[in-house]
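Shared between the two complexes below is subunit A, which pairs with subunit B and subunit C, respectively.
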Partner chain A sequence: MMAWYTANAVVVQATMTTLLLALSIQLPLRVGVFSFAGVGCFGIGGYTAAILYTKFDVDTWPAVALGTLLAGGLCYLLGLIIHKLSGLYLGMATIAFSLIVAVAATNGGSLTGGASGIFGALGGITNLHVLLLLALVVAGLAISEYGRFGRMIDTVREDPELAAALGINVGRYRKLTFLASGLIGGLAGAVTTLLRSTITPAEVNFHMVVVALTVIIIGGSSSWLGALIGAIVITWLPTVLSFVADWESIIYGFLVALAAIFLPGGVLGLAKDLIHRWRARRRPTPPAPPASEAEKIPGGEPSSPATERSLASTQGGTS
Partner chain B sequence: MSRSQNDSADPRMIFEADDVAVHFGGVKAVDGLTFGLPEGKIIGILGPNGSGKSTLVGAITRHVPLTRGTLKFLGKDYAGDEPHLVPHRGIARTFQTVRLLEERNVLENVLLGTDSLTAGGRAARRLGQERAEQAMARTGCDHLAKVRPDELSYGNRRRVEIARAIAMEPKLLLLDEPTAGMGRAEKEEISTLMLSLRAEGLTQLIVEHDVQMMVDTCDSLLAMNFGKLIVEGEPREVVRNPAVQEAYLGKQAVKHA
Partner chain C sequence: MQELLNTLTLGSIYLLFALGMALAWSTIGILNFAHGAIFVFSAFSAHIISEHVALSMPVLILISVLVGAAMSALTQWLAFEQILKRSTNHRSAEMRVLIGGIGVAAIPIAIVDKATASAPFGFANSTYKTEVYESMGLRMTNTSLIVIITGVGIAVALTLWLRASRRGLGLRAIGVDSETASLMGVNRTAMALGTMAIAGGLAGLAGALQVFQLQAMGVATGDQLLIKAFAMIVLGGLGSMAGVIFGAFALAGAETLIFAAKLGTWVDAVSFGLIFLVLLVRPQGIFGRQEVRRT
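Now for the complex of A and B:
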């Protein structure tokens, strides 16, 4: 185990940082916000941390924290401006945001190192640190996927008008999604940069959007678990099959096309579907109303016919 | 929850609309409606397709912007509310086409009615669960709790949507064609449910095409045409009114009748 880890530490690290970036794109998609601002936030977080660390002698963790917060704050401001856009228009606006970050990085002079970026920003971050941060982010996202919170987010995505009719403040959800996405993207950028000691404008371009989307589409967009599956596939494929590295773009494109056509919910969606079907087969269909149901309902009369009972049972009951 | 039934001659108005208009460009979908909903009654809105019924429901829930007019609920003007605030005031609705989360089971869909209206925490979760189970029992979909909506019949999908609205424990329930596509027996079940909710004092506004059901269930009817209120009153009288028959059947048919 230890030997395996030592041999593969770099790939494990890449899996975790890829996952963080993918999560910053997956969260807005799950709330129904078609935003790729997470990539721009990756750049903001990464550059901020690197500049603070190399030019202002700020320690590793304060640099990471400031990069994360700045990215979150800017992404929230972006959300305030554009959260009412939808679909492709929102997608375009957020990609433009990410490209603006890249342009600013390229033209930032000595502060950002221009087209060659910043070097020598090797902070004191270990894989264990990354794992802990990742666990924290995943825990937060997991909470947002289960129970009432998960249901409300699903409704905001699937049917915003219905969500409002159920009393859910759709606008607030959308705005807070920009904040959370910015924080995760910023964290991903800051951590990745101080791990690898370098960041360049080339890392904040459209290629990153494609990588994040590939991870999400292959794994599944409905849960962090899908992003984890996608991140593992994307980072390990080139190491398992060496020829993949040479044909990366073509093979990833092919995988995305296959997943989009045959697995609209990704690998995770396929797994969930199989579990659901397996459960449905074990359940007698259609389920008949159990005869003893009336006893459970306050005020119910066990002797009355099924429909009458079910419609009028709580009349006069303690509601 | 204690809803007192009010049988006095002039019951309190729970909801009042004054000169409400919704214009889409040149189209006057709703054009100057003034009416009130007496507490604890079932009021039906009658009118041919395109007469502005659903737009009116959308205006009441604040999904549709008003061109002019005021809306009062429990004496408070709420015309400036954003849509998501309306359920918190105690107004719940169902939709003309059933809207459910297909990936979530029936229980979770009904729980959605309580999710944003109850605070977080264990006690609230238990309360929400109780409310949802009760609502499912009343609408007759409690045995379907673990089934996904895409496996349900049309009538049962309607029931789940009504259960979700009931779970919100509203003071005013808006039902937009709740029995569309249902058979006679199913319609009667919905009718029975509405009457049992009325017995608890729940005010209901129903949009429906089935005139017979409206006459049997409603305390009074509002007849609309071209965005305006044409007749208002006791169901049988409204249905017999020549202006209503003309709006529904056309001038010629009324003449030959």
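Now for the complex of A and C:
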């Protein structure tokens, strides 16, 4: 076990940082906010931490904390301005925000190191620290997926009008999503930068949006578990199959396109679907199922049985 | 004056690229994120063929246009049509089309990147020769003349076609309400395929002309242009072809001025900032009448 870990420490580390980045994009998608601002926040967090650490002699953890908070704060401000946009317009506005961060970093002069970025920002972060931070973030996200709160978020995503009619303050949720996504993205950026010791403007580009999206789409966007599956797949596939490393981008492109067409729920959605189907086959005629159980049987809507169920229970709970 | 000429040339290439994207988005409702990849790949195909045979300019352009049209139609048929068939509501379909487009775009870009080892490519072996005309202190090449005439001509022709022809009417009807349009006898699937082929052909044309104009093209050009084109369409207003023409030349003008002021590294911030500003101040764009859906 230890030998395996020392041999693969770098890949484990990459899996964890990729997962953090993906989570910052996945959370808004789960609330129905089509935002890629997490990538820009990755840049803000990474640059802030690196500048503080190398130029102002701030310690590792205060630098990470400040980077995270600044990214979260700026992302919240962004949310205040643009939370009313919807769909594609919001998506493109947030992509533009992320790319503006890169342009600003390129033109930051000696502070950001221009096009060549910042070097030598090797902070005292170990993989164990990253694991603990990740556990904290995942715990927070997992809480937001279950029970009453989880159902509220599902409703805000699937039907904002219904959510507003049920007394959920949709606008506030959308704005808070920006804050949370910015904090996670900033944390991902700060930790990744101080682990790898460098950050360049070229990293904060469209490619990073694509990587984060690949992770989420392959794994599944409905739960942090999906992002974990996706992060493991895209960081480990090249190490297991060497031909994948040669044709990485092409294979990911195919996977994303196929997942977008055939598996909108990702691998996680497929697994959930299969489990439901298997259970339904084991009990062909459930004796007088209660109303909420009846919804569980797939058939009508194979793509989103989970949301239908939660919508039904939210309505039932409040009326 | 020289700035104005540069604006016209740059704007015409922007225009050709953005026209295809705007046409597909405003009528059949598909924002094709693979448009930039098609632009790069069709120019690259012409480059590959020109390495083996010395070809003239029209032939190279024709190759690029055909490759672009074929790629775009294939993407529509194999990816977007399948997504639309499988989606339950409009919002999730929009998102899945965007993501599917990003996935599709990664494939040709990765192929070009691998084949060229990330180096820019051009049409070195073509029989076309650039000539420079100078008069009254103005510098002008025959390439930019061709680019301007093609760009403006096609934009005007497409706008008129969409406004006056029966097919254009059908296409606009799909944009307003695709269900009612199909009840009126508009074949949505065939129209969508045709529209995407035209859009791809325009991307191929823009690609080939860009290579002739700048002598070379880098792999990353496609993604940048895609976001710029989005800025142009949003600025002009989705659904208005005149808006796209205005948006393309306005953005080209702003970028030329920034270059003239020696602030070259800020040039990308113009389009990104523009997207922001327009969406906040006037989300329907300058010429747009359609209100942006807001929830």
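FYI, the second predicted complex is superposed on the first by the 282 of 319 C-alpha atoms of A that agree within 3 Å, B and C clash if a C-alpha of one lies under 4 Å from a C-alpha of the other, contacts with A are read in each partner's own complex, and residues count from 1 in each chain.
Just so we're on the same page, a residue touches a chain if its C-beta (ideal position, glycine included) is under 8 Å from a C-beta of that chain, and two chains touch if they have at least 3 such contacts.
Worth saying up front: this structure is predicted, and the values here are computed from it rather than measured.
By the touch criterion defined above, A:Glu161 reaches both subunit B and subunit C.
Look at A:Thr106: by the touch rule set out above, it reaches subunit C but stays clear of subunit B. Contacts of A:Trp61 after superposition: neither subunit B nor subunit C is touched.
Once the two complexes are overlaid on the shared chain, A:Ser249 sits against subunit C while remaining clear of subunit B. Residue contacts after overlaying the shared chain place A:Trp236 against neither subunit B nor subunit C.
On subunit A, the surface touched by subunit B in one complex and the surface touched by subunit C in the other have residues 161, 170 in common. Against subunit C, the residues of subunit A that register as touching in their complex are 34, 81-82, 84-89, 91-93, 95-97, 99-100, 103-104, 106-107, 115, 160-161, 170, 206, 209-210, 213-214, 217, 247-250, 252-262, 264, 301, 303-304.
Residues 147-148, 151-152, 154-155, 158-159, 161-171, 222, 276, 280, 283, 285, 287-290, 293, 296-297, 300, 306-308, 310-315, 317, 319 of subunit A are the ones that touch subunit B when the two sit in their complex. By the touch criterion given at the top, residues 31, 79, 82-83, 86-88, 91-92, 94-100, 102-107, 109-111, 113, 223, 227, 230-231, 234, 265-266, 268-269, 271-273, 275-276, 279-280, 283, 292-295 of subunit C touch subunit A in their complex.
Taken together, the subunit B residues at the contact with subunit A in this complex read 1, 61, 63, 82-88, 92-93, 95, 99, 101-104, 108, 111-113, 115-117, 120, 125, 128, 134, 137-140, 142-144, 146-148, 151, 164, 168, 185, 189, 192-193, 196, 199-200.
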